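Which chain is which? They are A, B, C, D and E, in the order written, and residues in each are numbered from 1.
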Amino acid sequence: MSISAWLAALLIVAGTGFFFAGTMGLLRFPDVFSRLHALTKADNTGLGLVAAGVALLHQSWRHAALITVIWLLALAASSIACHLVARDALARGEQREEKP
Amino acid sequence: MTEWVPVLVVFVPFLAGVVQFMAGRRVIAWWPVLASVATVAVSLWLTFAVAAGGGIEHFMGGWQPPLGIALRADGLATVMILLTAVVGGLVSVYALEAHGTGDPRASHFWALWLMLWGSLNALFLSADLFNIYVTLELVTLAAIPLVLLAGPEKTVTAALRYLQFALFGSLLYLAGVALTYGLAGSLDLALVGPALTDGGITGAVAATCMVVGLLVKAAVFPFHVWLPAAHGGAPAAVSAILSALVVKAAVYLLLRLWTGPLAGLADGLVAQLMGALGAAAILYGSIQAFRQERLKLVVAYSTVAQLGYMLLFFPMAVAQAWEGAVYHGLSHGVAKAALFLAAGNVLVYLGHDRVRDLKGLDRSLSVSLLAFGIAGVSIMGLPPSGGFIAKWLLLRASLETGQWWWAVVLISGGLLAAAYIFRVLRYAFLQAPDRPPATTGPIPPPIMALPATLLALLAIALGFTAAPLLALLGGLPEGTG
Amino acid sequence: MTGIYEAMPLWVLMTSLVTALIIFTAGEPWHRLRPVINLVGASVKLALVGVMLWGVQLGHAFMVRIPLLPGLDIVLHADALTMLFVTLSAILWLATTIYAIAYLEHAPNRARFFGFFSLCVAATMGIASAGNLLTFFIFYEMLTLATWPLVVHRGVPKSMNAGRIYLQYTLGGGAVFLLGIALLYTLAGPSDFIAGGELLHLADEHAGALTLIFLLLVAGTGVKAALVPLHGWLPVAMAAPAPVSALLHAVAVVKAGAFGIVRIVYDVFGIELMALLDLGTPLAVIASVTIIYGSLLAIRQTDLKRRLAYSTVSQVSYITLGVALGSPLASIGGLVHLVHQGLTKITLFFCAGAYAETHGIHRIDELDGIGRRMPWTTAMLTLGALGMIGVPPLAGFVSKWYLGLGAVAAEQYWIIAVLLASTVLNAIYFLPLLHRAWFRPPRQGEADPGEAHPGLLGPTLFTGLAAVGTGLFAGFGWSPLAWVEVIVTREYTP
Amino acid sequence: MTLPDPFALAAAALLALGFYGFVVQRHPLRRLLAINVFGNGVFMTLILVARWMPGGPDPIPHAMVLTGIVIAVSATAMGLALVRRDLRQGDGKDGGDRD
Amino acid sequence: MILFDGVLALLIVVLAWRCVTAGDLYLGIVVFIVMGLMLALSWARLDAPDLALAEAAIGAGLLGVLLLSTWRALPGHRRQDRDHPPARKAVRWLAGVASVAFGLVMAALLHALQPDEDAAGALALGRLTEAGVEQPVTAVLLNFRSYDTLLEMGVLLMALIGALLARTPLAPYGAATDDGTDSPLIPVLATTFTPLLLLVGAFLVWAGAYGPGGAFQGGAVLGGAGVVLVLCNRLQGAPEAGILLRLLLVLGVKVFILAGLLMLPLEGAFMAYPPGLTYPIMIAIEFCLATSIAVSLLLLFTGTHGVRVPER
């Protein structure tokens, strides 16, 4: 295996780790806002890492560019979705839960 | 030219419906008339062409099966198209008055009905298993909005139930088609037979899926639960179309598949089971029809019962049973349309259709009531009528094959039919000497009474035209029985 | 291609059918014209029947065949038996039409009534000229359907109830009959009515099946012929207007059933096969039971029309009895009773209708002194009653005489006893009527004279005198008796 | 004995679950879901049939699935409109749509 | 990869199970959408990228939106099973046993199924050159079995009419429905994403000739763009449809039929394209179909006869 393949594998594993963390956050965090926090931050990073890894695997600038566009679109979509969910939660009067 | 007719039979009404939809509210008053006349004309053209020169085949896109889809106008398809033309034409006349051509609902009615007409013809002509699925859905999805035309607030529950069952039934059918394609690598009705026959258990399961799916669509007992409310709730013209043609389309497919690709699989026990379903439908449907309090529900349950007769073909599977079953389809189509139109007139006039409150109706609505009675003769299978010819053929078939138990079912079915038809007439003949019936509507004009009467008379006339029609139908397809 | 002349049975049928259709389409607004249409229809029919009668006498063959399916034809033909029934119906239809026009002068729904009335006669014509079992069945069911609106004509719950019972019996009978026909077609293939039948060659192999078929067919026709225990509908159907009752009892329904039995025995199974399968005696027993039972029940009735109804149950079975015995003389007696009972019974019903219409008399105890108030009508009642009892030389006597002779010839002596008992019973339920009518004084305040409306009286006189005439002139060449002798000779000569 | 294709098992399971849901559930929306699960099982079957054809994925079942998806979605969309209407009336409202 | 396939298949089954039996209807819907995405993934794995696209765009995407909006429109107590309790326990058991048996039979059959190598599909693959396009699925949909596709457009049209009929009489139009529409991010969404979506949609239609894509996938994306606009309040339902909109609605089916009928006298069969002109005709038809599909899906979402740009 070449160095780039090793690098790609590393990136993907790291990305998966972020996803895992994000998912744990979604499951364990007490209220909407902190869940969103975990989900968007961790998952977007994770997605970026995985995308980078996949791009590296493909060894093609065209594919790399496409993957980047996809990542950017996903970022935009998830940020807007996150914003809307949070707004809705606020409008419903959800409270932040303080950890005991 | 002749080989184009099957295409025209499908697309003349279909395109007319699309145009109607596009024209929207600004309906041209004569467009439905023109479209109906044109459709009837091409249907008759097809009939005469097939009668003169035998079946017609058309390969869509010029691609022969198994690659492409064929339209095949054989005897069975042609008689069904003829039935559709006759019933459809007369129902259109009725609808010109009942639905009008002016308001948006009318526009929807005509768009849907003309497209449905084309879809039915497409279904009858289709010779491709998957194309049949598409046409089945086309027919269903045109029929449900038509039910809604009676006013969504009243019929939406029925329509929803109809949709659920129809959708599930057709997907079940599609599952069978999927397996069939896996076995045979083809979808053409003429080509899949051997593979299904040799397909062992896979072939059997594929056939079962298709047959059960169609049974659900055909509202065969015990899958009838969706039918009465939908057919009883729809506007009269729509009920007539649904009962006379739409459910029959599924039964038609059963006959077609059973005598075609599934012929090699037809097993005696399964056939008896199908017959038993038919018998149960006849008995259950008739008893329910007798117990209904609303006229249109009486007629709707009668459809459940009458469809059962066509299933009696399966256990007997001889030429006379074939002719009897198809002829029953024809005469029931005509008679049932007449019954629904007559019931619709009652509804227009009285504003309700409670059977118990039909007193004194024979004076004010004598023409519609007479139509109801005459059509009832055919439903009861009494001579001289198309219903009698069908019953006679089935009766002969049952005795000839030694399956006398179906003869008993046939006879009792006729008596039960008499019970529910005469129950209606009995209330209608009761005189209300003290006061005229509390009417809410006008007496329906002749243009609404006439189609019902004509259809009823046709049901009688079918008692005398069996020979040419059965010649057109042709004998039992080979390899059955 | 059948010629116009050969198709005569069809035209006879059409005269009533077309009349019915005109009346239906014309509807109530044309009520002034309707009697004319009716009478023209009836007269044309009578004329055509006359022509046909002449033709049959000369040995012309009348036959129309309309194919329905391969092996399934509607066949209309005219043989001597047909003519017996057709002539009777044509004459009585004219009489009843006149009577009904007068009877229903101001009643509602007359268009419907006369339309179905004509349809009913058309069906009777069809039954009479049916050339095979299927055709017979078609018109048999048509008759059922056409009479139902007449039975329920009054539109009151009582008549609706009667209609329901009527349908239960007749449609049930029709269904059984259909099953019998289908079985027969399956066993022997399609076949026309032919003297002696064509089933003899099947007797060895399929005796059981043939017996079953006979049972089904006779049960099917027996319902209309009101054989005990299938007679339940007849008294109930009295709820109908008087002309309908008259028609039902004298010509249409009951006679159609009896006629059917005659056809089945003679032209489907044949005397020989009947004897071979030993079917005659059971049929004769049933007929005898019906005769006695009907008479016994008639005695118990207090309502005039109901008493007449039970009398019909009893009298019509003479016909069945006659053909069941299987001897030529008995057959003559039975067949001629078809005519004699028809004329006599219609007279009686006309009288009952006239009483009801003129003075509102329905029960027998209201008849006191009616002879003085309605002498002509009562005279006819008397003639009819005496004819029914069988007082010589009236028509009923002729029938009974031949039946008796036939029983002796067939060595079935118990029949004589039945006939005697029946005569006694007839006397028991008819003579009190006459006694009340002629010899009891009218009740207080009901002495006003008042003969029936001429439209009612005329037909009554006509049928009553005809009944007398057929008895008196039974020996002449054109009498029903002579005609029947021709039929029976043909049947019994191989 | 070859190992079964996991997707074939999934297709069979989808069919079975769809059938179960259709029979057992009464809520119309749930029924529509069950019908769609069943439909997806049918589509999966067709795709497997296509894939197993020697010589490449068979385009005809693919076309059938595409047609099937559109039909199923159309019919379900109509069903959803009906559900919306059906479940909103009978509450003393006129059943008219307000959104 | 068998591991991946196995996990994916298992996931699909578990999701389907939850979808059918979930106690909460909302959960059922969400699980259904996720299952759709997983199915799309699995179909991509099964050499059916076209179908994966279609399932993702139509099956999971649009249907998901419709399911959720219907759920949202239901009154609270109708979102539960209270008025529609599931079948009784005995029936449940019976149905369970029956469906397990059914599933086992189907699994066994599928396992044993050996498709033919001279199936119609092989024929189709062999005659691609005559079909005018390289992409086999498009060739089947628009040429070999174009009749099915045409009728399917009819199904879509009638489903739309039915849905519209079911939703009359319609409420007053124009009121902003979403609290979220005043979010500052909405204009971004509307202005950046919509052109992109339109671009992607058009590309997909065009790409159908030689790669994954086609009228349905493209049309669904275009319709999705419309849905986004409606959600952003840049478009809204209108009680009446202009003639233009209705024309667009029936464009696909009409052009299809007219082209087909035209070929009757020209080529002797319905929709038998003249050789040489096959590709241009098919592309033209594809774009017409995609337009009609997009408009139909949009109207299915709004539930109105027409759409309009709201006044500001």
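Throughout what follows, a residue touches a chain if its C-beta (ideal position, glycine included) is under 8 Å from a C-beta of that chain, and two chains touch if they have at least 3 such contacts.
These numbers were taken from a predicted model, which means no experiment stands behind them.
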How short can a path of touching chains from chain D to chain E be, counted in steps?
1
Fewest touching-chain hops separating chain A from chain C:
3
Any chance you could check whether B-E or B-D wins on number of contacting C-beta pairs?
B-E
Greatest separation from chain E - chain, by CA centre:
C
Going by the average position of its CA atoms, which chain sits the greatest distance from chain A?
C
Chain centroid nearest the full-protein CA centroid
B
Distance between chain centroids, defined by C-alpha means - chain A, chain E (Å):
28
Separation of chain C from chain E, taking each centre as the mean of its C-alpha atoms, in whole Å:
73
Express in whole angstrom the distance between the two chain centres, defined as the mean CA positions of chain B and chain C.
43
Hunt down the residues of chain D that sit against at least two other chains at once, touch-wise.
15, 18, 28, 45, 49, 52-53, 60-61, 64, 67, 71-72, 74-76, 78, 82-83, 85, 94
Going by the touch rule set out above, which residues of chain A reach two or more other chains?
none
Contacts with two or more other chains occur in chain E at residues 106, 113, 115-116, 119-122, 124, 144-145, 148, 152, 155, 159, 162, 166-168
Looking at the whole structure, which two-chain pairs count as touching?
A-E, B-C, B-D, B-E, D-E
Spell out the residues on chain B that touch chain C in their complex, using ranges where they run on.
360, 362-363, 366, 370, 377, 382-384, 388-389, 392-393, 395-396, 399-400, 407, 411-412, 414-415, 418, 422, 426, 429-431, 463-464, 466-467, 470
What part of chain B is in contact with chain D in the complex they form?
130, 133-134, 137, 140-141, 144-145, 152-153, 156-157, 159-160, 163-164, 167-168, 171-172, 174-175, 177-179, 181-182, 185, 187
So in the complex, the part of chain D that touches chain B is made up of which residues?
15, 18, 22, 28, 31-32, 35, 38-39, 41-42, 45-46, 49, 52-53, 60-61, 64, 67-68, 71-72, 74-76, 78-79, 82-83, 85-86, 89, 94-95
Note which residues of chain B are touching chain E in the complex, please.
3-4, 7, 11, 14-15, 18-19, 21-22, 24, 58-63, 65-69, 108, 111-112, 115, 119, 122, 130-131, 134-135, 137-138, 141-142, 144-145, 148-149, 152, 156, 159, 179, 181-187, 195, 201-202, 205
Which bits of chain E are touching chain A when the two form their complex?
179-180, 183, 185, 188-189, 192-193, 196
